[in-house]
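Dropping the structures in below, format is structure tokens.
Consider the two complexes below, in which chain A is the common component and chain B and chain C are the respective partners.
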Partner chain A sequence: MEKKLKQIYEWVDNRVQLADLVKFMSKKYVPVHSRSIWYYFGGVSLFFFIIQVVTGILLLFYYKGSSDLAYESIRFTMSKVQFGWLIRSIHSWSANLFILSVFIHMFSVYFEKSYRNPREMTWVTGVIMFVLSLAFGFSGYLLPWNELAYFATKVGTDIVGAVPVVGDPLKYFLRGGDDVTGATLSRFFGFHVALFPGIFTFLLIVHLLLVQRQGMSEPMHLKNTAKEEKKTMPFFPNFMLRDLLLWLVVLNILAILAVFFPAELGLKADPLASAPAGIQPEWYFLFMFQTLKFLPAHVFFVEGEVLGVLLFGLAGVLWLLVPVWDRKSAKGQQNRLINYIGIFSVMFIIILTIIGWVLK
Partner chain B sequence: MGIKMNYIPKLRLITIVLSIFIIQYTYAADDQCLSCHQGLDDKPSKLFIEDVHYKAGLSCSSCHGGNSNSDDMDLAMSKSNGFIGVPVSNSISEMCSKCHSDFDYMKKYNSNIHTNQFVKLKESVHGKLAVNGKGMMLQCITCHNAHGIKKANDPKSPVYPTNVPQTCNKCHGNATFMQSYNPAISVDQLTKYRTSVHGVLNSKGNIKVAECASCHGSHDIFSAKDVRSKVYKLNIPGTCSNCHSDKNYMKDFDIPTDQFAKYQNSVHGKAVFEKQDLSAPVCNDCHGNHGATPPGIESISKVCGSCHALNAELFSASPHKKAFDEKKYPECETCHGNHEILIAKDQLLGVDKGAICLKCHSENENQKGYLIAKEMKKLTDSLIVSDSIAKNMVFQAEQKGMDVEELKYKLREIHQARLEGRTIVHSFDEAKFKEVTTKGFKTSDTIITEAKAAVDEFYFRRYGLGVAVAVITFLIVMLFLYIKKIEKPKSL
Partner chain C sequence: MDKTEINKAEKNDRRSFLKILLSGGLAGFAAITIYPILSFLNPPKQTEVEVNSVVVGKVDDIKPGDSKIFRFGNKPVIIIRIDENNFRALSATCTHLDCTVQYKKDEKIIWCACHNGKYDLYGKNVSGPPPRPLDKFNVAIKNDELIVSKEA
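Entry: the complex of A and B
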């Protein structure tokens, strides 16, 4: 058996020079320190993305992207297709855990200031992928064409419409018309399974290549530690095996969640019905939604909702450009402001999400 | 002196009466319009002296304007004296309403006539614009006449109860005229009415029986589709009961007065009053309206069958039809009653206590029917049990979070079989009944099997998860040990 495997490896190696890759990976070392645990969330996010791709393709076998058939096709998948219920539940849970994992990964990178020179591009691609993850969630949420999804999309696209100047045309573009209709479903389906995955995959390749090329970022406090005192572990196989171990743990959690709390379908969307009480977006949009709800109708001469959207937009741009304006960290100096902003952001997101959840 | 004193009040009374007579005579004699037109021997003046208004002291000028005291025709009929000639279209009714809408004025004549008639007329279906576009389609004089107006309780009045049908028929019996307004209304209502109990008695001079105005109203008539109409579907039981539930009013007629009370309690009454169900039958759906007549023994199944068509058809083809006809049993009514028809529950069938079949069938008498009823009830009860088991199994699967929407939909088929059973029972044919119940049994078997499979699937998922978690955990442990092994410091 071992001999056979060796033969296969050699066959492939002769053609694509696998040995060079193995040599590269085995020469690559990952720093070991008290905060090494955060390194794994990038890998966990990648694992969830792979699960999303695989389960998403399986769901595509049966899904029909029209307002007449979408709901029925998912009901069929869940009730008639072997393990269809499991695939959909895993897709749904994995989507949520993916976003959670991306949140953790992004904030860990932020607090470690790993975005500093020379990893600015890695940060920028990562933040764009984070935004795309939210877009994946938003577009995928509508696809079952159920009551909750329909009205959540209506509210969500209405918020987009509040953006000054470009809001209305953008809302019209997203909806494919004045209202959320079958046209909206068709284009959200297109975004979800073609446009977003295409862009995301490209950014992911760039992101991973940069990580491999530049290696893992070391915490700033290790800068002055002597090279001999620094602990490391080989990327291959040690770090990869640990990654794999965590992936298996995550897979176990995912399986338990999918079986014990399977994804629900609810009632089919009825555009003529009134919106059910307590309509809310998915949890990862809740802090923004709740903030907009808390804002007064008018702040001076600006509409509260418009101001909220503008502030979130500004915060997003500043977040994306943090490697540019955080000059201190780039020079290797401590920047407490970054920590305060980070702590404020995390607290803000957690508290507003809890409030939004409680006030449901 | 005492005798004289007793005479004084009588003398006073005589003086007053004579004075009124003289004044009125003088006043009438002073009506130069009338005296002149009487000389011409025209119809209006002939009719007017019989008119209730003339007798009350009104003159021609009261409606036509002018100076009725002047014998100079030019002066009497001059515009400067307010002469308007013959009023046309709405000005006719407006002229009447000048007095008839004035409460204080009417009080002078000790009138008990309502003063809102004109308002009502304008709002009514007859107050709509006439096809000539000049005014209301109907004016006061259309029904009451112009110059020979009589009190409504005067047998000569066109609105006297026995004359009302003919008065209404002047327009409603005229096909050409009615086509201009509502071609959908039949023009043979009077003919039908004359065949009804009401119509027959009315033509014999009975003024208590219903005529057109009794049901449709007089000044406030609305289209039967209008919820304000007395003959709007949901208002009909109340309209009929105005007379038919009044014991005092109905004492001259030998019929009960509890129909409305019974009907209110019936399945039909509840549908009408509680659910506002316009498809449920009200009085006229069974008794007719213009040709109102109680259904006879032979016609009951036809009357009920106009809605319950299949039941009636099955009954007519069943062996019961002949037996009922021979014994003069009123078909549907024999088992279901008439005004107080209750929901036909399954308990009506069979040979248990409360079953209607026991009225005629027993173990000793008409035994064949007894056995069939017993078997049908057995099948019905079994289907109820199967339905209940199927529902319970579906509920169990649903409680476990399984998708049972399709099964819930299928449950309706069992319910449908039970409903069909209630219909097919009217054939009193055991084989046909079995055919229907078998459909229900088959569906319930399918549902129970599929619901059980859903419950099994639930446990399969749980066990499957257990196995998967165990395998993954095993891999985790093995991987963990392997990592430990490769990271173990190598001994020198």
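Entry: the complex of A and C
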């Protein structure tokens, strides 16, 4: 057995020189310090993404993307297909945990200023993937074609329409017409299972190659420490095994949540029914939703909602470009402003999410 | 044996015990992950209603020399009006590779377009790849209605 495996390895090695790769992997070290724990959230996010791909493909075996059949096909999956309820529940829970993990990963990178030279491209690809994750969540939410999804999509696309100039055509494009109909469902289905995964996978490959090529970023306070005093750990197998162990733990948590709190289906969407009381977007949109609610109808000459959307858009662009305007961190100097902005953002998101949750 | 050798033997015992425990646990975990996935992929049985006879329509719906394909349960069946008084019903599924056959009026044969299989009007395979004759069905006329049923 071992001999056979060795032969196969040598056969491949002869053709593609695996030895170089092994040498690269064995020379790769991960810094060990008090903040090493944050290194793991990128890997956890990756794990959730893999789970989403696997369970998503499984769901595609039974899902029918049309307004007449979508709801019924999911009901069929959940009631007739063996473990159908479990696969759907895992897809739904893993989506939520994925976004949570991505939030943590992104903010830890931000606070460590790991986006600074030479890792700007890693940051930019990451932020775009974060936005795509939210888009994944938004588009996937409509696919069961239930009451909540229907109204969430109506409200969500309506907010897009508030953007000046491009808003209306964009809203028309997203909905596939004036209203949220079966045409919207077909589009969102295409976005969710083809367009977004394609773009996301490309960005993910670039992101991961950059991480492998450049290695992990070290906290700034370690730059004056002598090389001999720094502690490290081999990436392979030490760090990778820790990664895998954490994945196993995460998989167990996911399974417990999916089994004991299974995803519900609700009522089928009915364009003539009224919106149910207490309707809310998913938790990761709640802080934006709540902010828009708090804004007055008019601020000077601008409509409150338009102002809100523009401010969030501006904040997003600044967030994406932080490696450009944070000049100090790139030079190795401390930049307290970054910390204050980060703390403000975290507090803002947490407080408004809680308010949105309580006020429902 | 001296002390170090005993220690070594104990260490080896412990190592192989842990090896079995961990690889067994991992194999178990893999099994409980793969089992739901395989079960999920297995399509659920759809309840099929057992059909024994089907009313095809009025006798005059099919002109002499014409044919019609209709559903018998989930399968297509072809009925041919050979002349004024003779009807014949046969399974329309080619015995070669599952295509649906058609009646060729000019040649008076049943023909499968996929691989040029030919059957005579009794359903017997006469040329081309079909390995078996087409299954036969009974035709009865009651109150001017065509009723096709399974051969007993």
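Just so we're on the same page, the second predicted complex is superposed on the first by the 341 of 360 C-alpha atoms of A that agree within 3 Å, B and C clash if a C-alpha of one lies under 4 Å from a C-alpha of the other, contacts with A are read in each partner's own complex, and residues count from 1 in each chain.
Throughout what follows, contacts are C-beta pairs under 8 Å (C-beta built on N, C-alpha and C of every residue); 3 or more make two chains touch, one makes a residue touch a chain.
Everything numeric here is computed off the predicted structure, so don't read it as measured data.
Using the contact criterion defined above for the overlaid structures, shared-chain residue A:43 touches neither chain B nor chain C, since it reaches no partner.
In the superposition on chain A, contact of A:281 is made with neither chain B nor chain C. In the superposition on chain A, A:82 makes contact with chain C only, while chain B stays out of contact range.
In the superposition on chain A, A:248 makes contact with both chain B and chain C. When the shared chain is aligned, chain B comes close enough to touch A:256, but chain C does not. Of the two partners chain B and chain C, more residues of chain A are touched by B. Contacts of A:161 after superposition: neither chain B nor chain C is touched.
In the superposition on chain A, A:238 makes contact with chain B only, while chain C stays out of contact range.
Of the two partner chains placed around the shared chain by superposition, chain C is the only one that A:61 touches, whereas chain B remains out of contact. The intersection of chain A residues touching chain B with those touching chain C, taken from the two complexes, comprises 86, 248. The touching residues of chain C, when paired with chain A in their complex, are 29, 36-37, 39-44. Every residue of chain A that touches chain B in the complex is listed here, in rising order: 75, 78-79, 85-86, 233, 237-238, 241-242, 244-245, 248-249, 251-252, 255-256, 259-260, 262, 265.
Residues 58, 61, 80-84, 86-87, 248 of chain A are the ones that touch chain C when the two sit in their complex. On the side of chain B, the complex with chain A involves touching residues 401, 403, 405-406, 461-462, 464-465, 468-469, 472-473, 475-476, 479-480, 482-483, 486-487.
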